[in-house]
Structures are given as structure tokens and as C-alpha cells.
């Protein structure tokens, strides 16, 4: 078990390192010189050189990359002379455009994104599992067909289209929901909650559809398993047969997938946050794309990769704790 | 309670499934009788209706199956009985051992949990500890070594033969009066098959339970069963004591089945295939 | 393909401005109800510019489909080739290809696509989109092809072909590839709607097809600021996008059911 964890963690570090390297390489090779951008139009060559020097852009690729890695692990300093910027341990870079540390920018915005992501995950799991169970129990009947067509729709509608349609219908036309207002949770929980209903729904829709189908298929498959027949042959109460012998095997893979999807949610949050104007990490990325703020884009990419990779490992470990076959199979 | 020693009496049992608009019978007009502590072998090829018969006795047929006739277990009519009543008998007084023990065991729970599950659900107020003790005892009865340790292991940690022992332990732990074993040896290695059959026989003698052994393999029933029923296409084609059926098979189909069983003194070219159902087989032997 | 013809019939090109259809006094609001829907502009006009929405949708469809289909084609070729290589040859080939696939799948594809596209120069965006989408898309197909190839390799008919002295290339092309047909077909059908959505999403975020070339995602993006006053501006392209993706999804779903009745993967 310890060896398993260790090897997974090592793999994780290797992948993250490769992601760093790859991302860094792409930006180093592709992006236009940031120093020219920062300097603006009326700029002397001296000034450009100075900026390059401050940001370490005059160094060769390998040096820049090692500096970046060192910054990640131990922190680093930007600039020289009188204007030194201290960048503490997980240093993700320095945004030329906003003159801020990227780490600070992300940390500031992360809580909102987490709220959006967690709410959406709760919503889609609930909808997916309930819908899937209902479909499985009523297999082939009206409810099943109805849910099946809903899921096809949910899988096909791009989330920004759904966002606009819902916002237009519910907020502008029917006025069921109020216009989003900037409130903190402690100031006005009700308003705060209403603000997030649409983003949660929009982000969850596609996932809910997929999870409904997965749950349905898994439950139907599991009910056909021989061990369910064995359980019934023991004379167990139907509720017990369901709970113990059908649901646990059927829902374990669903939860596994949920873990991985949750880890990869930053991509979806990008669009949702942009459409609803929520000031989270996703919107930060979208804004940085518009203003071509390379260090921020790179940092968010790395952060997203970090979540995905860590999420995979966590799910793997959790799965081995839940499914005895994997647990022992690996230890042996 | 009927005065005689009959435990299970099946009369004119018919099971049919809807196929399109018609009802296709898979078991037709079946009669069976089984005394307490006796052994009955039901023999037939796959699709002959033998497994459907056992599922009908357990009340485990899918809801769309139509069942008519009568199944009386120890004075209680089971056909048309309520689910609650069936449930109180199923797994407690009638237990079942299925084919393919790996897929019949839930991979997520320890064998101990699964063995004692029936016991816990049919007795009230059984503590975790007691249940565990029952499971260990049942495992010891089926000769699983280190039962006290292995009770906490998972099905995939057992070999095929051991898993079938677990299944038998599972059937035993409520001390049932009737054990139905449906192809209990089919998924196992030949060497293990004999051990499991001996175990079933031993368990039966020791516990006094009646045993219904369902198989396609005449060699299996010849080892254990006292009485034999041969089924084909949902109908009983031959019945009698084991000796009668083996020494003097009256029906051609039984004879064909017997011929298909290899014996040590057989030469290879004498092995015969069983003629297909539906074809007239007047003396024609497929070589 | 038929876009120019269709647009000829409707009477307006995708780049033509019709200042008479918008009302400058109202900040460029389309004249008339329903976003300026009239016999002249079938689906109304863009606010501000007065460009014909119908024409832009038709042309946008051409761009979107071209990108989605090319990306699907490229993905399929890459996925099948690498999947076959990994699955058939196994060993070191398999290890290398599998590692690369794992790596690509661990990547946050959408964000990385956005990042790369934002860093790249704007010319020839369509080609870039195809390359970037395919680069991150092929492992999903290759993984399945690899698995199937591995099991096919052990089957009797392949053994037989090998025993009869068929060359490796011959075995791969005549024995294994035909058996992968249905799987690939289903995967491809499912990939098209995904890529249509990806393309539209990237264009929506401003890193896809650049104006003035019309694209559905981009149209929806520019409609965001008008959505409360001119709902038709996002409704029409949005509905088209939804229906296109839906029809491909349903098609893929049916195909899968037809090819593999028991499987529910």
C-alpha cells in the first residue's frame, strides 16, 4: 500500500514537471516579447533591456525555467535596484500588465471558483444519481424515455448558450431571479444563494446528463448481476438488496468519475464565470487572454493541470480504499 | 402439516414467458416429490427447464414469468404466496447454491459478512459478533482452513473451489431444511468437482437437510442422488431411483445422455453425441 | 458548400452592412420587432452593424463544420494509427505511446488550448484550431483502438493469418482494421458534435475564428452585450448550434446502440 501511494505520488510529480516544462516551452517559443508589450509605444531600447533584466527575460530558456521552478518551490525576487518585488513560496510569476504577483491574483479569486465548482458538483451528482435511478427503475417506461431525451438535450447544449437562454428567460423576461448583485455570503445569504443558482445550473447541466446515463446503465447492469440474485435468494428485504448489493457497486464508479470531473472543472468554470461575470479564476484566465497577460494564463494552465493530476491520484487512492479488489490486487 | 415425511411436493408446475404475443412454456406439467433428508437429482441439458424449476421453488423468477400449478413446501403453498411469506422461507428454510461462485459473491463485502447476511436477516437481534461467530462456524463446517482469519477476506482472495465452499457455508448457516444446488460444480476444475460433491453429501448427512441437485452432468448425480428426474424441453422424460435410471434407462434421451458420459473402458470412437432436441432420433446416432 | 447559393437566394452576403436596417438613434438597435426579422432579413440583423444574421449563420455553419470535420478526420487518423501501433506491437512502442496519451489526457485540454491559441498569431486560425483540437483529442480514440487491437491480436483468425505467413502490414490492414470499423465509426460520430462545441466555445472566448469570418460561437459571444434587448441575436445561432450538436449526438447514440446492443459504455 505504501509503495502504491509512493509510486503514484512520484508519477504525479513527474507529470506536473512535464506539464510545467511543456507549458513553459510553448510560451517561450510562441509569445511575443512581453517586455515590448509592457513598455508601450514610446519606448527606448534601454528601457526594454531594463525590463527584460528585471523579469529575467534576458536569460536563456533553461535558466528561465529553472528560475521559475525555484520560484515555485522556494520563492524568488523580481526586479533589481530599488524596485524589488518579493514573491513568496509558490511563486507563479509576475503579471506585467497589472503589476501584481500572479499567486496573489489567483488566491484572491480562488474562493469564488471553489463555491461555483462545489455547488455545481453537488447539483449534478444529485440530479445525475436521482435521474439515473429513476430511469433504471422505470426502464423502458415513460419516465425513462423522458429522462433520456432530457439527457440528450443536456449533453448537446453548449453551456454559454444555456446560460444566455436561462438568464434571458428567468431574469429578464420572467423576473423569477433577481439580477446578480455583489453581496458577500455573510451580508445577505439569500441574495448570495440566488446569485449562484444560474451559474451552478449551467455548469452542472452537461455533467448531470452524463451522470444520469452512467448511473442508469450501472444500476441496470448491477441488478442483472448474479450476486444480486444471491442476495435475493437469501431472503433479504428488497430495500437491503438495493442498498447493499445494487447501489454500492453501481455508484462507486460514478463517484470515481465525479472526483475526476471535479478536478477538471476549471475549464468549464472559465466559460461559466465569463458569461455570468463572476470574478473567479476562470474569469481571470479569460480576462488575461483578452489582455494577453501571459504569466497569468500560464499560471492558470498550470493550476488546472495541478488539479487534474492531483485529482486523479486522489481518486485512485480513494478507489483502492473503496473497492477491495483493487486494494489487495495492488498490495500483492 | 402432512403426516408423511414429504418436504417438497410439486404438482403440475408450468412456467411460461411471454415472447411477442405468445406465452412460451419453459417448464410444463412438472411433478416432483422429495422426502425430508433425501436427495433428488434433476438432470437435463441447458434450456431443459431445470433451473427455472429451482427458481420457481425459490420464488425468484422474473415478474413477467407466469407460474401455474402447485409447489407445497412443508405444508405451505408457495405458488401465489405473498412476497413477505416467500421471503421468510427463502434463505432461511430453503437455501440455494448457484453456479459460478465468483459472480454470485459480491466483490465489495467480506465473505463473512455475506455468509452471515441471511442469518442476520432471518433472526432478530443478532449482534455483529454473533454473526461473525456463525460465519466462522459455517466456514469450518465446509472445511475452510483458518476460518477465523479468512472470514474477513474478500471473495477474490479465494480460489474457485473455496468460493463454492463459501457459497455452501452461506447456504448452511441458517440450517435450512432444503438446499437447492444449481450446477454447483460446473464452473470448477474436475479435481475440485469431486471434493465439492463429497462436501455437499457430507453436509446433507450431517445436517439432515434435503438436497436438490440440478446438473447437466449424469456423472455428478450418479455420485450423490438417490432419485433422479430427467428433463428435456420443459418436460420430465424419465424418473426413478438412481439405480433404475442408470441400469435400465427407458427413455431414448436418457440413454443418449448416458452414452455421452465417458467411461474408463470406452474407446474414443464409441463416444456418442447427444442428439439435438426436436430431431427425430430413431436409432440414428451422431458420431 | 451551398452557402453562396443559399445566401444569393436570401439576398444578403455575410459581410454586407445594411445601415437601413438598424436605427442609429437607438444606439444601433435593429429596426422592427424580433430583432429586425423581415422578408428582407429572414432572421433579423446584427445590432450595430446591420449585417444579415441568416447569411452569417449559413457561412458560420460552413466554417464550423469545416473545422469540426477536419479535426475529426485528423483525430481519427492519429487515433487509429497510434492505437494500432500500440496495441499490435505492444512492448516498448506501447509504453511510449501510452505514456504520451496519459500525459495528454492529464492536461487540462480546454485551458491549454485557450492558452496556446492566445499565444499564437491570429492568421490562419482555422488550421490552428484543427491542429490543436486534434492534438488533444486523439488519445481518447487511440485508447479504445489500442484495447480492441490487443484483444483482436490474440484471436484465432489473426493467429491463423500469422501462421499462414501473412506479413504484419497485411494482418493489420486486412484482419484487424476491418474489425475496428464499427468502433471507429461510433467514436467518430460522437466526436463531431464534441468538436463543433469546442470550436464554438473557443470562438466564443475569443481565441477561435477571428472576425470578420463568421462563426457561431463568435456570434453568440458578440450577442452577449445585447442579449436583454435583442434576444434573437443569440437565440438563432444558439438554436442552430444546439440542434446541430443534438442531431450528431442522437446519431452517434443510435449508431452505438445498433453496433453494440448490449454495451453501455
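We call the chains A, B and C, going by the order they appear; numbering starts again at 1 in every chain.
Quick note on the criterion: contacts are C-beta pairs under 8 Å (C-beta built on N, C-alpha and C of every residue); 3 or more make two chains touch, one makes a residue touch a chain.
Just so it is clear, the model here is predicted, and its values are computed rather than measured.
Taken as a contact graph, with one node per protein chain and an edge wherever two chains touch, the assembly forms an open path, each chain linked only to its neighbours along a line. Ranked by how close its C-alpha mean sits to the mean of all protein C-alpha atoms, the top chain is A. A straight line joining the Cα centres of chain A and chain C is 22 Å long. Put simply, the C-alpha centre of chain B and that of chain C have 56 angstrom between them.
Rounded to whole angstrom, the centroid-to-centroid distance between chain A and chain B, based on C-alpha atoms, equals 53 Å.
For chain B, residues touching at least two other chains: there are none. Taken together, the chain C residues at the contact with chain A in this complex read 102-103, 106-112, 114-116, 118-120, 193, 197, 200-201, 204-207, 217, 220-221, 223-224, 227-228, 231, 234-235, 238, 241-242, 245-246, 249-250, 253, 264.
Residues 58, 60, 86-92, 95-96, 98, 100, 103-110, 117-118, 121-122, 154, 156-157, 167, 170 of chain B touch chain A in their complex. For chain A in complex with chain C, the touching residues are 15, 18-19, 23, 26-27, 30-31, 152-153, 155-158, 160-161, 164-165, 167-168, 172, 217, 220-221, 264, 266-268, 270-271, 274-275, 285-286, 289-290, 292, 294, 297-298, 300-301, 304-305, 307-309, 312.
Within the complex formed with chain B, the chain A residues making contact are 225-227, 229-237, 240, 244-245, 248-249, 252, 323-325, 328-329.
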